[in-house]
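The structures come next, written out as structure tokens.
You will see subunit A twice below: alongside subunit B first, and alongside subunit C after that.
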Partner chain A sequence: MTVSSRWQSWRGPALWCVLVLPPVRGALESSIMLHMLVQIPLLAVAGWWLSPLLPKHLTDTLPAWNRSGISGIVLVSVVALFWMLPRSMDAALEVPWVEVAKFASVPLLMGLPLAISWPSAGFVVRGVYLVEVVATAFRMGWLYLISPQRLCSNYLLGDQQGLGKAMLAIGAAICLLLAWKLMWGHIDADGVRRR
Partner chain B sequence: MASLTMYPDDEHLTGSARFAFNLYMITAVLLVVVFMLVGLTMRMSQTGWVGVPPKFFYQLLSMHGAGMVGTMVLATTAVMWFFLRKYVRLHLWAFVTNYVMFMAGALCIIFAVFIGGYAALWTFLYPLPTHGMGMWSPHASALFMLGYLLIGVGELIFYLDAAAGIIKVHGNLGRALGLQWLFGGDINPDHPKTVVASTSMIIANSLGILAGAVVLVMSLINIFFPQVAIDALFAKTLIYWFGHMYINAAIYMGVIAIYELLSRYTGKPYPLSRVFLWGWAATTVLVIIVFPHHLLMDYAEPHWFLTLGQFASWGSGFPVVVVTVYGALTNLWRSNIRWTMPPRLMILALFGWVAGGFGAILDGTIRINLVMHNTQWVPGHFHFYLLLGVLAMALSLMYHEVGRRTNGPPNSGSDRVGFPVYVIGGLIFVFAFLAGGHASVPRRMAEHLQAWTFTDKLGSIGAMLVVLAMLYFAIRITAGLLRSSRSGGADVGAADAAG
Partner chain C sequence: MWVLRTLLASLVILVAGVAALAVATDGFRAFTSETARRIDVREHPRALPSTPLQTADGQTISFAELRGRWVLVDFVYTRCRTYCSIQGTEFAQMQQRLAAPIAADRVTLLSISFDPTRDNPAQLAAYQRRSGDRGAGWIAARPTSASGLRALMGVFGVTAISDGLGGYVHNSAIAVVDPQGRLIAIIDWDKPAEAERYVLRGEAP
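Presenting the complex of A and B:
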């Protein structure tokens, strides 16, 4: 095993360990924007990077249950839906076992399934997922922006409205990026790995 | 370049593909007849010839609007699929998924309207769906919106599959639109017009569906959590982005039938040109930003936004209309065409599209809109280009396919009677609306004053003729599509395209 491949295998657990460090955790949970737009996505990235550590018998068995990556992407969507709820984020800050659940479920039930499913997902499955990501960013941004009261008891109203604006900006940015890529980019629509 | 062979082998439908195409087209013609009858009932109720309670009138109006818009898109999606599959690989499962999701969505809408009593019209403008005043529950509105979501997702899946097929062949959507030839270079004459038009609609209508996906879910959240009040004007803006784009896509998907079929009946090639590519490139942009013309009466909108709607209205359909009509007329000129049903319907479609479009351009002008927007001018112009334009485009392909399965292009005695009945009835019907608009008769009213009923009666007579003709077309097309293909008839040349 080369240094590069060893690093690729262990960068997921390493990132997870950094995120779980109390100062890092405290800093990333100090504002709703950092919590939702930095900590949770980084935990998902840590999960994505865990995929090289999966045992071979699992990687051989899973595709039968995950045709075109659809089952995995549905699982990711359901878990993401849960962690998008302000109540869940509040609970993670106040109830220790919910915090543990967040640190376990986001990498294992979001990042890792996405890493397994994305390469086998076809253009249509990826397209539907990405359109839904953009639509969700707009919806959540709109909701956070117009909500007349604090949705999380741990964060201020101004912080929440800032998150709303950031999510609208993220939705617009992804949309523009996808449009640019589809219009002028190089897309290998055949390059989807079939399992 | 589109083939001059009347029935080329690569269009021949077999097995599941034929079944799916028949399903789309037969469903479409039957739904059109049903929703036309709904429309006729409303028009007759305005004359006083039949008594329809106002509450039921608005239920019928909601069903007619949502049903006709959906059915037009269903039929023209089949037009796009039928021709695009010759140039790129389309998966039948995506085409069928769209149909299944459309039907599931349609059932939700039918239940919402006729069981739940939903009557907040096809535009579901916030906050009306949540204020049923005892006539319908918010849950009926939620079911109606769920129906729209299902229909939108189905169409998106079809578009994504089409986009994948196009990208595999052309590299990206920009090249498929022919943008690389706008400013120079030798245009590939074999670059299909169908790919250009399909790409344009994939881009524009996917953005509209995205807007719809946002506002529909936000409206659903508001139904279940009324304390989350959304901005009514912003919601209306997104609704019209979605709604306008969705019904406009029907026109631009339907016109593919003319690009593909007209040259076969004239026997003259209909080549791709730089002007054609410029027309579609301009329309792709303008059709996305034209929807503010629905909001011209909303003075709280920013002025630049309303001005954008006006100028985009003047320009949006224009490039494609000009290149299509000019191209079609030059193709027709001295062509010795035999006037069978498909070319008749195609030329009618061009007329309906252009004439209805001018009514739309007038209504898209701010000063005129202030006077005309809430009058029957609006249903006058959109019925003009939907009834005599888009529907005629879809019917031309259906008749063409009936011809493949019988003895060449259909032109029976009944067809020769049915066509003028449809045209004359259609013209009486739409001009009655336009005359009503001219006389300031308001639209969307269950009860009409006595002074307004002259144009209502005229419109009802026109509508009766249209329903009769369409009923005949529906039976003729259904029977024709269900016939098995005649053997050895795949290559009737243009010169043989006799009646």
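Presenting the complex of A and C:
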């Protein structure tokens, strides 16, 4: 095992361990923007990096149930929806088992399935997913920006509006990326690694 | 074959996911913890702890002693210059509008401080004076211990966070406690008329 492949196996658990450290956790949960746009995405990245540790029999049998990565992307979407509820954010701060569920489900049910599914997803599946991500970012961003009330009891209104603006910016960035890809990128309509 | 299996797997995930979301949002009714707290209180009235409270005139009371009448409760900190100062004025105005049931011992207004280290009886009294206290039927009080404060904030579902300027931001509301001493409703802080109707309708069903 080379140093770089050993690093590839262990960087996921390493990142997860850093995120779970109380000072890091406290800092990343101190504002709703850090919580939703830094901590949760980093937990998903930690999960994505877990994919080299998957046992071989799983990597052999899963694709039969996950054509074009569709099942995995459905799973990712449902779990993401759950962690987008303002109520889940409050509960993660107030109820210990919800926090545990977040630290388990975001890597294992979002990052990891995305790592398994994304490479086998073709242009159409990726396109549909990204368009839905853009729509969700715009919808949620707009909601957070215009809501006169705090949606999370544990975060300030200004913080919430900042999150709204950031989500609109992220949606716009993905839009530009998609537009760029459509105009100048290489499109493989049949799937990058079709099985 | 693969298409069918993928379809099946996706459907199972989707059904399980929608079911989980339904449970997590009380049947798609509560997307915020504030709505969830209101629905839960309405559907499952909460018994209140007999936490001792020290009032502005130095006496000690508890919810047990207030049984037999409706109690409208809000949580405040007296240094507040925004919401809570409006809440104080609002409670003083309710005190005036509810003067008759208050005189008949059927209604009491109660403001509880969630900042008891600063809000001693003198501060609580000054807060009531500033707000235009009419003299009877409005109690301002503070929990006498940290555990008592935690217990009260827990059962009422009150969250107070630092506003970064030395004050607090909190989920202000008017909590309705029935004559049996149970928390039965939570109403928007700026809708005192709703709280009054609740109390008056409860008296004459």
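Of note:
One rule holds for everything that comes next: the second predicted complex is superposed on the first by the 188 of 195 C-alpha atoms of A that agree within 3 Å, B and C clash if a C-alpha of one lies under 4 Å from a C-alpha of the other, contacts with A are read in each partner's own complex, and residues count from 1 in each chain.
Keep in mind that, in the parts below, contacts are C-beta pairs under 8 Å (C-beta built on N, C-alpha and C of every residue); 3 or more make two chains touch, one makes a residue touch a chain.
The structure presented is a predicted model; accordingly, all values stated were derived computationally and were not measured.
In the three-chain model built by superposing on subunit A, subunit B and subunit C fit together without any clash. Touch criterion met: A:Phe138 reaches subunit B, while subunit C stays clear of it.
Once chain A of one complex is fitted onto chain A of the other, the partner contacts of A:Trp184 are limited to subunit B, with no touch recorded for subunit C. Angle at the C-alpha centre of subunit A formed with the centres of subunit B and subunit C, after superposition on chain A: 100°, rounded to the nearest 10.
Once the two complexes are overlaid on the shared chain, A:Leu156 sits against subunit C while remaining clear of subunit B. Looking at the shared chain after the overlay, A:Ala91 reaches subunit C, while subunit B stays out of its contact range.
Legend: residue contacts after superposition of the two complexes on their common chain; A:Phe123 is shown touching subunit B, with no touch to subunit C. Of the two partner chains placed by superposition, A:Leu21 touches none, neither subunit B nor subunit C. Measuring only between alpha carbons, the smallest separation of subunit B from subunit C in this overlay is 9 Å. In the superposition on chain A, no residue of subunit A contacts both subunit B and subunit C.
Across the complex, subunit B meets subunit A through its residues 94, 153, 156-157, 160-161, 163-164, 167-168, 171-174, 203, 206, 209-210, 213-214, 217-218, 221, 227-231. Only residues 1-3, 5-6, 8-10, 13-14, 16-18, 20-21, 24-25, 30-36, 159, 161, 163-164, 169, 171 of subunit C touch subunit A when the two sit together in their complex.
Partner subunit B is touched in their complex by these residues of subunit A: 122-124, 127-128, 131-132, 134-135, 138-139, 142-143, 146-148, 175, 179, 182-187, 189-190. Those residues of subunit A lying in contact with subunit C across their complex are 63-68, 70-71, 74-75, 78-79, 81-82, 85-88, 90-91, 94, 149-157, 195.
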